[in-house]
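Paired with chain B in one complex and with chain C in the other, chain A is shared by the two complexes that follow.
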Partner chain A sequence: MSKRRPYVRPMDGWWRKNPYFVEYMIHEGTALFVAAYAAVLLFGLLRLAQGEAAWNGWLLALKSPWSIGFHLLALAAIGYHAYTWFKIMPRTMPPLVVGGKRLPAWAITGGGLAAAGAASLLLFVLVWGLAR
Partner chain B sequence: MKRPLKRSNAPIFWALFGAGGMLSALLGPMLVFITGIAVPLGLLLPADTMSYPKMLAFAQNLIGKGFIFAIIALFLWHAAHRIFHSLHDIGIHAGRGARLLCYGLAMLGTVLAAYALLATGF
Partner chain C sequence: MPEQQKTIEIEVLRYNPETDQVPYAQVFAVPFTDDMSVLQGVQYIKDYLDGSLSFRWSCRMAICGSCGMMINGEPSLSCQTFLRDYYPERVRVEALAHFPIERDLVINMEGFIEKLESIQPYIIPKEARTLAQGEYLQTPAQLNAYEQFSSCINCLLCYAACPQFGLNKDFVGPAALTLLHRYNMDSRDGGQAERMQLVNAEEGVFNCTAVGYCSEVCPKHVDPANAVNLNKTNSAMDYFLRFLAPKGGTK
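The block that comes next holds the complex of A and B.
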């Protein structure tokens, strides 16, 4: 094997030098919160399968300040994920042609955000109706 | 010599990523608010919204089962795919090991969710 060591430009922290990439890393980073929240739900589901005492222990754990703090952060992160998901949707989905004209980016983003708002409201009303 | 193109498994993982991303964008913030903030703090919703009898009944209902399974599994597959592809961006040259870890954890979570939903009965 050869001993030569070609120069490799260091790439450490490359994304910190450009606000565009900082934003990119933040919106990719929201996946950590999506994973963590799914893990919290999965843990709750496993506790539910173990019976009432186990479930009540999980409910109690949700009331701890650490849990509330985590969920506030997760709400911000997943909320930001939702916003960026629809913001980049004009570039991630195939072009949509309506009436012979390509649907503008703002319409796709706006439509997505409106759908998210409507779905969230519907979910809240459903939960409220089921729990009443 | 012509060889047939090897089929890629990328569309499967991308579809799971996309489905999980869409579901978490549509319902994620409200779900976090309900399960992690409103119910624990007793805001807006009845105090027993997530009581054992109510959640057991929800998890025993077929629609409820499907909803819980879709939320947990698709959120995990979405996050696994995104985290796996971000490894490259932070300078980790992700190979087979990282792939197995990311998608393996999502698979483990999916299997555990399916197991728990079967264990809660119908």
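The block that comes next holds the complex of A and C.
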């Protein structure tokens, strides 16, 4: 009779066992803030469609300390999400060859972050200009 | 002047299927020198402290891929991980995660061998060729398309780094999918349509959630995460090709 009895280790709490997995879970978790912020904006659009009073009510609600707190938290979470997203990007795309040499991972991550930063800044300046 | 003898504690996860219900930790005090790898530490235990300790190794130079272990929770080749980097702390050694433990540090890799077979890891010629036609020619660019993905030594560190494989044993997983990609990218090969069926399947690439740790631990810089994620795009293209060209893509 075979003496073999392979032991299968449980997977409970797997994501706590390695700092890399913790980072991954935080990355996935921060995506919820992206969704929540999109919901806030969509709700604003809905209020706009309902007329001036509704729209002004939404604007006023945005000024509450709770709302400002949420936006700061969301900014931090989305910033972290963007950073970790661009960090994994080189692993998900075909090699980029520039001048016969393969672009290193840090250049792709850095380029992505720079593009995201520039787009955010542009949007901010545009909206700022419109709002004044 | 001779260096003063140092001693490090090595904690090994032991499991004997004939006597133990569950694995347990056992600590050994191992004298070591700065040039000793974790593998040599474990070999010291077997030679001088407890001959029943079981583990795999062969080349002790990061080529054969048989000495993979969890070292302080990280999938590593024990022959290229050094005791001096842990001293004076204790170093924890455990069988590769996500695989069944056969005994002590020896895992059961039957499941992986089956997956390796399933990807048809050999060149399937596009058309029959006679000897008179001579050898296949390949340009450096054509070689480049797959070379990195052909450096895998089947050490399985990437599987021990993949929580999705841990949660679903049917997932074909990083190394096997990477080897599949290696053959699909080879200009001499014509087996892509067959292999894409596995890529698209339930156990194929879409189990991957881009954790990326597999590429981090790979000792040969194969970047298995890259091969798997490129095939998500290939799989989507394959799906749409079926509508455009009834004979293209897979069934």
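In the analysis below, the second predicted complex is superposed on the first by the 122 of 132 C-alpha atoms of A that agree within 3 Å, B and C clash if a C-alpha of one lies under 4 Å from a C-alpha of the other, contacts with A are read in each partner's own complex, and residues count from 1 in each chain.
Just so it is clear, a residue touches a chain if its C-beta (ideal position, glycine included) is under 8 Å from a C-beta of that chain, and two chains touch if they have at least 3 such contacts.
As the structure is a computational prediction, the values presented were derived from the model and not from experiment.
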Contacts of A:W128 with chain B and chain C, given as first, second, both or neither: first
Larger contact residue set on chain A - chain B or chain C: B
Partner chain(s) touched by A:F70 [first = chain B, second = chain C, both, neither]: first
Partner chain in contact with A:R91 - chain B first, chain C second, else both or neither: second
Chain B versus chain C as contact partner of A:P6, first or second or both or neither: second
Partner chain in contact with A:L59 - chain B first, chain C second, else both or neither: first
Residues of chain A that lie at the interface with chain B and also at the interface with chain C: 11, 15, 28
Contact footprint of chain C on chain A as seen in their complex: 3-9, 11, 14-15, 17-18, 20-21, 24, 28, 88, 90-94
Complex contact set, residues of chain C against chain A: 15, 17-18, 22-23, 73-74, 97-98, 100-102, 108, 161, 163, 166-167, 209-213, 215-216, 223, 225-226, 229-230
Chain B contact footprint on chain A (complex, rising order): 11-12, 15, 25, 28-29, 31-32, 34-35, 37-42, 44-46, 48-49, 52, 55-56, 59, 62-63, 67-68, 70-72, 74-75, 78-79, 81-82, 85-86, 112, 115-116, 119-120, 123-124, 127-128, 130-132
Complex contacts: residues of chain B adjacent to chain A: 20-22, 24-37, 39-41, 44-46, 48-50, 52, 54-56, 58-59, 68, 71-72, 75-76, 78-80, 82-83, 85-86, 89, 91, 109, 112-113, 115-117, 119-120
